Amino acid sequence: MSAAVPSLQSPLRRFLGDFAASRVALGAALLLAAILLAALFAPLLSPQDPYDLAQLDIMDSKLEPGAKGTAGNTFVLGSDEQGRDLWSAILYGLRISLGVGVLATVVAMAFGTLVGLGSAWIGGRFDALMMRIVDLQLSFPAILVALVLLAVLGQGVDKVVLALVIVQWAYYARTVRGSALVERNREYIEAARCLALSPTRIVLRHLLPNCLPPLIVIATVQVAHAIALEATLSFLGLGMPITSPSLGLLIANGYTQLLSGKYWISFFPGVALVLTIVAINLVGDHLRDVLNPRLSR
Amino acid sequence: MSATDAPLRPPLLRVEGLRTGFPSRNGMLHAVDGVDFSLDRGEILGLVGESGSGKSVTGFSILGLVDPPGRILGGRVLLDDVDLASLDEGARRAIRGKRIAMIFQDPMMTLNPVLRIDTQMIEAVTAHESVGTAQARDRARAALVQVGIAAPDERLLAYPHQLSGGMRQRVAIAIALVNRPDLIIADEPTTALDVTIQGQILFEMQALVRESGTALVWITHDLSVVAGLADRVCVMYAGRIVEAGPVDAVMDAPRHPYTRGLIDSVPAMNPRGRPLAQIPGNAPSPVDLPPGCAFRARCTRATERCGEMPPLAPPADEGAASRTVRCWNPVQLPAAGTR
Amino acid sequence: MLAFILRRLMQSTGVLFVMSLLVFFGVYAIGNPVDILVNPNADQQDIARAIAELGLDQPLHLQYWHFLTSALSGDLGRSFSTGIPALELIFQRMPATLELAAVSMAIAIAFGIPLGLYAGLRPESKIAKGIMAGSILGFSLPTFWVGLMLIMVFSVWLGWLPPTGRGDTVELFGVPVSFLTLDGWSHLLLPATNLALFNLALLIRLTRAGTREVMVQDYIRFARAKGLRDSRIIGVHVLKNIMIPIVTIVGLEFGSVIAFAVVTESIFAWPGMGKLLIDSINQLDRPVIVAYVLLIVLMFVLINLVVDVLYSMLDPRIRLADTGGAR
């Protein structure tokens, strides 16, 4: 900062100010917040518990959006084959989709960061080997790797998360290694070394915080990727089990009804999915611009 | 030299009140702010100024190649008394490269890296004349020979990155010459080259235009280059011409304090042992120019009157009308009566 | 050039070797190969025979050798459900996938490059901003859901195009293709469009970024100073420069398109190898899965190789540096 213009704003205030400067990004952030809240408070917002069979009535099967059910309740977004209220199913599905996406991303980020930091710090053969693995893996599309993994591993929530972690970690490893290599040669690391601080302390307390901004940006976008990938896998019948109906599974359920014109069973869960992904992507895009002006296009 | 036959023919190029601006956050940035000069056939004009003085933008403005969002705000550019602004884009395109050619500063950047030299030379010919490829190729080859390139056939098949910087600039000059233009605008074409190559190219360029009768506008920040090359010189400061005249007269007896300072700060032009003089201060930002003479904040001769813009006119004590200066208090002639 | 290709060929062989090791360990070492390679419905006697036949009682390195030699001779086992050799089954389905991938790539190129070029040449125009907003959607919308919506709109509501199947095919050099019949086209259009969307968005962004980068270069200004027509400047000077990254990406993305065809083929019941993979996974038809994986790895390695060679041919700086040209 130039001495002539002392900044009275805290970095956070400035960050928020920059962020709010874009109306699109602000809208996306508000939408994302709404989606997160809706997922969090799904049981409070849903007219019914969609997976409590006692609350379902087969007579309400495949009702159009806005139709009234046998119990006099309104199905705002219609109902599925089993007479389940779609609005409730979507709210519950959002929880599962977001949960799986965020969990997989966090685990992948932790693992990838560890590998990336280690790679940059240790260097030599370990670095070469790790980057070879990263390159090899990134040369194959995530969907393919995930499909094959799930074909080998079988179904289950844990397996989906594992597959999502495996297809994601390499991005973080490569990014963290890249910025860690740059930071490693900076003077403050030299200074820390001169103080004879332990390598673990230097890496975690000094190196890591400076690698965070690109990491946050990637993680944001990767959550969207993970959600989309999980939905795709679930749609193909290889992802979440029926006991954990994510948005992808809801869409898959509606697929058979689509050809007979009952669009809403697939359509509305898809809209929820798309809104979530678009909101996350827009927020991520703008985060990148704000956190690193050099990267902006 | 050409002042005597000027009344018989109109000048080749006349620039009148040219103004070019770039919109910026702080309002319009006037890079060129009222430039006038004219050029006869075969004449070499040096356009001298610091970076940011608007000399390059003047060159691009003449060709109509100002990068958007920049644009020409006013004034006229007349080629043989035809206002280029009155022509449609197609007619202007037909003039570019055919009647007015241009050579750029950095030879590493001016040739397209993925096209062979022959492609880039032949297209320069066929863009203006419907000749066959073989004929255009012969012309290209001849132009390469003209600029002193050995083994032209081999060079024609080369890609730019296979040639040295000097060689690339020669190719660019050959491209400029290939259509035998009336005028070449050279935007610091030797700045990016090694000193030895600079001298060669300068010398060759002068010989080439003299030989072919091509007029040349040589844009440079280097007064010493102009001294040996040009017939006349225009000195630019902050988007305006501050002094113009025959090169010897201006170099021997600069009238504008800025030109004086410029000459005093060139090592080669100073007698040995005398300390180099500096112009105090920095060039002003073209965004918020104060009214009046733009140089007055740095000028030792500034007076009250300098708050008002001086015209570009022959100084009162000057006999020759070919010299003009934009100053209320021009530097005195060194020893009156010797000229 | 030859040295370059040879070197890349050796690298590719290395990658294939590593991948064969990975698949081998995935099948033989991590899982129980008997489960994976022997039909679960087989009786005890069959299993014993299969174990002996596959050499599963031998040491691991011999097993790998056996796996490698039989894979190289094209023997990847037989499908459990049909009894047809796995490789043959995949080769039967491959033309349909390749056709779908090629048509979708053609759609992406035919629309992506002109739109990206326009957006790059007039970045401030309303149309350009619309194009870019559309490309963000193309990135964000999940392929499978867009596929469903295409079926909903064009098949169910409008009734213009059939939702599933491949339609009439004609033999071309002994390979059945759809794109030579009208009915085939009507079946091809929706899935190909669906598959093209991601790459369409990608190409728009790539072309736009490349165009903007190239347009401010001195050589473009010099080309204008030469008096070239805009068509020549854009068609030759700009396009030839941005073609280098575009060809690279188009080439590399062809592999992704084949991979993503898995999704599109499932939605539109397109009888390609992607649908075969999903069906095989659902039926636990493991030899087919293994064969598919090995084959797709081979395809990716080949695609990478071809792209690298193409890239070096397009960029004179690389081409000549490698042959030790005058530098």
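Remarks
As written, the chains take the letters A, B and C, and residue 1 is the first residue of each chain.
One rule holds in what follows: a contact is a pair of C-beta atoms (placed from the backbone, for glycine too) under 8 Å apart; a residue touches a chain by one contact, two chains touch by 3 or more.
Not measured: the values here are computed from a predicted model.
Of all chains, the one whose CA centroid is most distant from that of subunit A is B. Averaging the CA coordinates per chain and comparing them to the mean over all protein CA atoms picks out C as nearest. Averaged Cα coordinates give subunit A a centre that lies 25 Å from the centre of subunit C.
A straight line joining the Cα centres of subunit B and subunit C is 54 Å long.
Against subunit A, in their complex, subunit C makes its touches with residues 15, 18-19, 26, 30-31, 136-137, 139-145, 148-149, 151-152, 155-157, 163, 209, 255-256, 259-260, 262-263, 266-267, 277-278, 281-282, 289, 293, 296-297, 300, 304.
Every residue of subunit A that touches subunit C in the complex is listed here, in rising order: 136, 139-141, 143-144, 147-148, 150-152, 224, 228, 231-232, 235-238, 251, 254-255, 258-259, 261, 263, 266-267, 270, 273-274, 277-278, 281-282, 297.
By the touch criterion given at the top, residues 216-219, 221-229, 232, 236-237, 240-241, 244, 314-317, 320, 325-327 of subunit C touch subunit B in their complex.
Those residues of subunit B lying in contact with subunit C across their complex are 63, 65, 67, 93-98, 101-102, 104, 106, 109-116, 119, 123-124, 127-128, 158-159, 161-162, 172, 175.
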